[in-house]
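Following are the structures in question.
Both complexes shown next keep chain A, but they swap its partner, so chain B is in the first and chain C is in the second.
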Partner chain A sequence: MSELRPGVDAMRPARAGATRTADSRPPDGFPGASRYRGYLGFGFGGFFLVTVSLLVLRAVWALGNGEAAWDRVQQSFQNPIYVLFHALAFLWLTWFTLRLFRLFPKTQPKRIGPLERPPDALLVAGLSGVFVVVTLVVAAILWGAF
Partner chain B sequence: MRRVLLVLEPIIWGLFSAGMMVGGLLLPAWALVMGVAGPLGFAPTATSYDHFHAVASHPLGRLVLLAAIALPLWGGAHHLRHLWLDFGGLRSDGLVGTLCYLVAGIGSGLAIVAVARL
Partner chain C sequence: MAELPKKTIVVTRFDPDKDEAPRQQRYEIPVEPDWKVLDALNYIKDNVDPTLSHRWSCRMAVCGSCGMNVDGDAKLTCKDALSDYGDVVEVAPLANFPVIRDLVVEIEAFMEKFQKVKPFILRAKELAVEAGPTHQSPAELDDYRQFSMCINCMLCYAACPVVSNEPDFLGPAAIALGHRYNLDTRDEGQRERHAVFRDDGGIFSCSFANECSRVCPKHVDPAGAIQQAKLQNVIDWVTRLLPGGGGER
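Moving on, here comes the complex of A and B:
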């Protein structure tokens, strides 16, 4: 009876061979398919993070050089290309942040410490609310409202 | 170089996630007020030297500005590196990754100097 039972190593090759792995390749339809638009747009948000940070650095650097240097930077920001770029950056980064917060619940475990994880919709709404409040407060400070 | 980047991955990942969060929360307001409303004349106080210097030279202002410059640079650099990888740039990942993080590193160093000079 025992002779009829299959051995667990019955399919093992006689000699150990190198592990064969398939070449990496992009998923079907990448990058043209519409289902990748959000993913690629989110990745391209990195461009706006870098460029806007460098423009903040330029302004702060000029601030340290005195009023004349600051005014020169502010005048350059009046160029329509800069204005259009900043408007696009505002829209892109707003979408980028809200998408980041929409993805956030997927990264969380079922329990956070001793507590049950809040519903996904509550997490997203809370984080989006924080984004709106922080944006309004920072904008008000920059605007000179305080 | 890829090996070095792999060893540094946990640190880079920490800076990347902090950069996405800080950049996402702070930079839209900057772009809107300092890049659009100020230059178009809707927020004249925002572009005044005295006002911005008062905000930026406060200890808390310096800290927030440093975070708003340095961390998003790391977040953006990591994003762009991975976008490059997605488009098949595995062979040049060592070079591109190093360039991305070099920009972030130099920018972070300059940001520290910039806020210290205020």
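Moving on, here comes the complex of A and C:
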């Protein structure tokens, strides 16, 4: 009988266990490169969401503790720090919303039902227009125009 | 014959038997004007340093083997012209992947993520051969055609900051491929894939850096696939809450 046999161990690693590898590294330029700005801006928005949520909880707590507590909260919101914070939060929210609208066409399939998807520019313009109109109407209501 | 201009190729080297960590090695070589980055690496391997290790196969942007980081960006080196770079070109292994040797990365985890999304036609019941072929119109094919152009080069994984921060993230190519089958009219496995997509490390881990689509050499737009999958997933989830929900294929 021949001594030759199939090389069944031909693919076995030379050493037992996993191959030693060098650690992976993050993409070059992360997070400083300008192309990551949107991604980081989106992530940073968590700060505004958490902080505004806490402020809302504080206001709700005040509502349940009488008119004086509510007035104190309203008074405290006139502090320049709060005003600056809310201005920054509004700017971030505006950027976030417009970014969301810009990305919206990507969420749509090539066909919506039997129809071709409208042009991306039309979708973005439509959503942005609705956003501007709703924002103006809400601002007018809060201003006491109606 | 005029002497060829020279370029310095700075290659990241790593020998698991000798090196503690990757290091850089410089090679000054003559370059032809029409060379791709891969040609320079092959020249080094053939004429300067046969110990250099790198993956490549088809040389025509089809096999997806030769993805590397070139001057800090994920590129398919057989498609990337050397003339687009300066006199010094840095070539490194793909980011986000462990390195086995020099420019060769470990792709085991990548393959596992692929398997998770079940990248094949799923049918509730196998069709009998006698039933004849399954028809699909050109418009139906066009719905997913773009996402089937992926060559698994892994550039999107190397460019994605979410992959860096969340190692469990399924990643752009796997999700795009799963979404491609969800859009296929012959497939009946949407619910199964939606469950995988919804899980930890699924589509909702993506916060849209769009890097995957930017670096894709085949213009697949994986970021678009993920956003579409998110919307489909939410619709599927809401549909299931409705009375009699579950009619989706």
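Everything that follows uses one rule, which is that the second predicted complex is superposed on the first by the 116 of 146 C-alpha atoms of A that agree within 3 Å, B and C clash if a C-alpha of one lies under 4 Å from a C-alpha of the other, contacts with A are read in each partner's own complex, and residues count from 1 in each chain.
Assume a residue touches a chain if its C-beta (ideal position, glycine included) is under 8 Å from a C-beta of that chain, and two chains touch if they have at least 3 such contacts.
The structure displayed is predicted, hence computed values, not measured ones.
Undergrad: May I ask you to decide whether A:35 touches chain B, chain C, both, or neither, giving the answer as first, second, both or neither?
TA: In the superposed model, A:35 contacts chain C only, not chain B.
Undergrad: Check whether A:24 is in contact with chain B, with chain C, with both or with neither, and answer first, second, both or neither.
TA: Both chain B and chain C are touched by A:24.
Undergrad: With both structures superposed, pick whichever of chain B and chain C touches the larger number of chain A residues.
TA: Ranking chain B and chain C by residues of chain A touched puts B first.
Undergrad: If we overlay the two complexes on their shared chain A, which of chain B and chain C does A:70 touch? Say first, second, both or neither.
TA: first
Undergrad: Tell me which partner A:113 touches in the superposition: chain B (first), chain C (second), both or neither.
TA: neither
Undergrad: Quick check on the superposed pair: does A:103 touch chain B, chain C, both, or neither? Answer first, second, both or neither.
TA: After superposition on chain A, A:103 lies in contact with chain C alone.
Undergrad: Pick one for A:43: touches chain B only (first), chain C only (second), both, or neither.
TA: both
Undergrad: Jot down the residues of chain A that show up as touching in both complexes, chain B in one and chain C in the other.
TA: Shared contact residues on chain A (touching chain B in one complex, chain C in the other): 24, 26, 30-31, 42-43.
Undergrad: Per the contact definition, I'd like the list of chain A residues that touch chain B in the complex.
TA: So the residues of chain A in touch with chain B come to 24, 26, 30-31, 40, 42-57, 59-61, 63-64, 67, 70-71, 74, 77-78, 82-83, 85-87, 89-90, 93-94, 96-97, 100, 130-131, 134-136, 138-139, 141-144.
Undergrad: Please give the residue numbers of chain A that touch chain C in the complex, ascending.
TA: By the definition above, chain A touches chain C via 19-31, 35-36, 38-39, 42-43, 103, 106-111.
Undergrad: Touching chain A in the complex: which residues of chain B?
TA: My answer: residues 19-21, 23-40, 43, 45-49, 51-53, 55-56, 65, 68-70, 72-73, 75-80, 82-83, 86-88, 90, 103-104, 107, 110-111, 114-115, 117-118.
Undergrad: Touching residues of chain C toward chain A in the complex: what are they?
TA: 14, 16, 19, 21-22, 69, 72-74, 92, 95-100, 105-106, 139, 142-143, 158-161, 164, 183, 207-211, 214, 221, 223-224, 227-228, 230-231
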